[in-house]
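So that we are looking at the same thing, I have put the structure below in structure tokens.
Every chain is named by a letter (A, B, C and D) in the order it is written, and numbering of its residues begins at 1.
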Amino acid sequence: MSRPAAIIGVGQTKHAKARADLSIPGLCREAAGRALADAGLDWPDIEAVVIGKAPDAFEGIMQPELFLADALGATGKPMLRVHTAGSVGGSTVIVASHLVESGIHGRVLAVAWEKQSEGNAQWGLAGGRSGGIGAGGAFAPYIRAYMERSRAPEYIGWQVAVKDRLNALKNPYAHLQLADISLEKVKESPMLWDPIHFLESCPSSDGACAVVIGDEDAAAATPRPPAWVVATSVRSEPSTFPGRDAVRPQAGVDCAHDVYRQAGITDPKAQIDVAELYVPFSWYEPMWLEGHDIAGAGEGWKMVDSGETDLGGAFPVNPSGGVLSTNAIGASGMLRMAEAANQVRGQAGEHQVDGARVSLGQAYGGNAQYFAMAIFSSTRS
Amino acid sequence: MLTGVTSSTGVANLIYRPTVPDSQTVTTTLEFPYRRSLGPVVGGFMRALGEHRILGVRTPAGEVLVPPLEYDPRTGAALEELVDVGPGGVVGSWAWVAAPTRRHPLDHPFAFALITLDGASTALVHAVDVAGEGAMRAGMRVVPRWRDEPQGRITDIEAFVPETGGQG
Amino acid sequence: MPATDIAIVGWAQTPAVARTDATEPQLCMQANLAAIAMAGIERSDIGFTCAGSCDYLTGGPFAFVQNLDAAGAWPPIAESHVEMDGAWALYEAWVRLQHGDIDVALVFGSGKSSPSDPAELYPQQLDPYYLEPLGLDPASIAALQARALLDTGRATERDFAEVVARSRRDARTNPNAHVRDEDDPERLLAAPYTRNPLRAHDVAPVSDGAAAVVLATARRARQLTEHPVFIRGIDHRVDVHQPGMRDLATSPSTADAARRAGLGDAPVEVAELAAVSSPQELIVRDAMGLGDGVAVNPSGGPLGANPVMATGLIRIIEAARRVADGTARRAVAHATNGQALQHNLVCVLEGES
Amino acid sequence: MADETMMDDLVTLTYEELLPPNTVRFAEALVDGRILGQRCHVCARVYVPPKGYCPLDVVLLDADDDVEVSDRGVVTGFTIVAPVRYYGQTKTEPFVYASVLLDGASGTLGGQDITGVPTDQVHAGMRVRAVWKPKEERTTKGQSARGWGNVEGCISSFEATGEPDVPRAEFEEHVI
């Protein structure tokens, strides 16, 4: 009963610390307009709009999708607003894909955004109170536990930080463009949340991302190759409970196995050509490689160390530069999906992985408790 | 059998507590000075207020939307042609606010109104400052009363007031 | 419209009150447990869970994360969340069930409005450039909409009072409602205006509460109950945001959603409408083309209890209840999102034919 | 030249909430020098502070499920936070942010300061005990109404006891 769905258009803003030249509708429309153009469509061609973003307090607008609906051409159409913390951009793509797979709509626009320069994410994460620890403070203990558990050397985190920033130099949309990044610079950057250095952390960005998801007819009519959505999954678990493994959350394991099963993947490392993983702090690259059973226990950091996750490596991770180079929180998860889709469409530009046919997009959120994952393919499975 | 409103079938530990006295309360304030970038259309509108001008935006169909948006809200099409409207206009629907809140633009009773400015195809929501609700009626003509020191906000119009000179 | 029939097989709501000391996850857990018990399922039967809530009601960014505790998310579950009324969570779950790989879904909506003052909070829900700085509050918007309706000549202030009176009378027999005050239209009309042309009683209260629904595919529903309530049609449409750029006296998005949900295909006996002001009920009735023979808001509706973010889902529950108990063969529920009926959902329910 | 017109928007919202009963009991016990948890009557896990339910078994818990736990425990994880400046932030100096698994509890108490040793000697596995404020300074104020209370009104920090470290294997599953 489930019909095929494909990403047929992708758009994103030029991400920056502050897009002071744009209003919030302007930011979202820059991404959405590019996605429509990529798909060869115009606003009236869209049947429904799904909007995702992280907490409303980041911009101080309650349910901002209400004032954004008509900016995104949704008047007279169904509109949904998804909020699953940091994973929301990924969840938004999945909700939109369900609208197509279910046969309800033929062409759906999904938009995710955050304009962090209008407020302060640290303030928001602290619930508006003093003494906030930021996402880094929340995740640092898990990172430390991973380091102890896996016996990974501390330079692994520096390596990821350098790799993703070098990849970002090949991505004109990426916020950070750090041409002079080096292991030494990462190591010498201030310690923000021990063991996380400043340069091992994501920036705070203004940005939006949009994708058009279409059915078979829509995919056939699009000017550029589609990325078929061959598997999607979401998994959530409570934020804290006695016995929870926050280093390798079960929800992340289950979510990964669900998409592998749907896509017929038995050896993810061999069968997936490229992955865009939500890595806001450098250590999350090896943590997710292990947490999603791409690498065995204690083996994820060795993939980093051997260069396997480099753009030219056997299993490239975040060729776009990832969250470490652009973090507009609500958009970040969708950017993973959009970049993964563009890889199998052959539309990733300078950071294209040669011959990519199968890609993985992943987003996580909350206290590493919400997961959204999808597998894209250049061919219908 | 589906019966009952709040089903408690098989649930032993429903511990719903109704309203209780205010013995244990906690008060928190969520406060932040947001700083918004406005873009060309909203920004143009706000800047014009400082010159005591009100702008709308023209659609391809020839309508003039006030307040101006970067897009046609019915189609999503991009809009950018700003044009002067008003500053006078006509009140449509209105609501009398007998007791203003902390957030309202005036600290004494006033009306919120939908005001169609001269040359506009849509209505602007703003405050109308009159002595009492008896002075309000649909079709009345109003003009803006400008704030002395513009702040680049919609409240640079303090309120609309009845047009003097016997019009309407 | 997809072919897969989905049915409502369980539901529950906490009694809505003006203020409770229970936390939102505690409220949600009560509703979820009761709905699951009523459906006669195990938590492990649930293939998808979707929640609806709003962080800003209690002022906690990520407040919804704690509500996950109430969903039974261990072992981990397939779950989503909308920053919308639970009726839209039900919509998302209904879409998910169309895939055919799962057969049961849990939906819940919740909100604690008591910590905040709507007049202070809700300007934050409006356009941040043109409307929020004016402090435009929900009662004022409702009053602008009310006068727009009065000016068409299609309704009078007495009609508003009649809606309030009927709602309060009906709320009296609803153990989940909490506004059961004055119900004489004459005396209601004698009350002072708070936002001329509206009086305090014309605008819904805000309440604390949660509600939950269990959905199942038709095959599974028939195994679970002798009286499944089928979703015959569900659709939602959004309208223009700026109050001055649309006709507040009509609701084209409601009319369109009703048409697409197949409301007009056969008569309904009961309509549960998420009208949060008395004029809104008249506008929604008109948009749906409901005749005088339709019982509107027999639960008392939002004027009797309005746990924001659950109010729309409760309309679906109240309509389903009347189909299940035989009061109605066919019923319609309406939910709304935003101010002045900006975004509307229509759900048509029927029993086994 | 791009239009970079800006608009300031100070948003101030006030919330007044009732504390849930589980938090009221927790706060009152703290003033009395006791740390309360709630033991799930299904799985026997002890939640500190009490939430009023067990999220794993999805059962509601009430006063009958309250249990007292020790004011001693082990650091299971920590970080040192260099505070980021933002509106309303009063912290300016780096601070320890540790999770403490109290003896008798199944889950940790997050966000605790660790004293009695230099900051760079804080480590997972070290034994600590609560440093109680003088009785007259203890308060029930400062609790959150969101369902998970805190100890700040009555306990100023946890200090190292000097006992031998606890092996990681004994708390591996309680790093949060």
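Here, contacts are C-beta pairs under 8 Å (C-beta built on N, C-alpha and C of every residue); 3 or more make two chains touch, one makes a residue touch a chain.
Because the structure is a prediction, the values reported are computed rather than measured.
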{"item": "Chain of greatest Cα-centre distance to chain A", "value": "B"}
{"item": "Pair joined by more contacting C-beta pairs (B-C or A-B)", "value": "B-C"}
{"item": "Centroid distance [mean C-alpha coordinates] between chain C and chain B, Å", "value": "25"}
{"item": "Mean-CA-position distance for chain B and chain A (Å)", "value": "36"}
{"item": "Euclidean distance of C-alpha centroids - chain B vs chain D, Å", "value": "43"}
{"item": "Distance between the centres, which are taken as Cα means, of chain D and chain A, whole angstrom", "value": "31"}
{"item": "Chain B: positions in contact with at least two other chains", "value": "14-15, 17, 20, 24, 28-32, 34-40, 42-43, 46, 69, 73-74, 153"}
{"item": "For chain A, residues that touch 2 or more chains besides their own", "value": "20-21, 23-24, 57, 59-60, 70, 74-76, 120, 123, 127-129, 238, 241, 367"}
{"item": "Residues within chain D bordering two or more other chains", "value": "2-4, 6-7, 9, 11, 13-19, 21, 55-56, 60, 87-88, 145"}
{"item": "Overall pattern in which the protein chains touch one another (line/ring/star/complete/other)", "value": "complete"}
{"item": "Chain C to chain B touching residues, read off their complex", "value": "9-15, 17-22, 26-27, 30, 33-35, 37-38, 59, 119-120, 123, 128-131, 133-137, 139-141, 143-148, 151, 174-176, 192-198, 225-227, 229, 240-245, 248, 321, 324-325"}
{"item": "Parts of chain A lying in touch with chain B, wherever the complex brings them together", "value": "18-26, 29, 33, 43-44, 57, 59-60, 70-76, 117-120, 123, 127-129"}
{"item": "Chain A partner contacts - residues on chain B that touch it in the complex", "value": "28-32, 34-43, 69-71, 73-78"}
{"item": "For the chain B and chain C complex, residues of the former touching the latter", "value": "1-11, 14-20, 24, 28, 30, 34, 36, 38, 42, 46, 65-67, 69, 73-74, 92-99, 101-105, 112-116, 122-127, 133, 138, 153-155"}
{"item": "Complex interface listing, chain D residues touching chain C", "value": "7, 9, 11, 13-21, 51-53, 55-56, 58, 60, 145-147"}
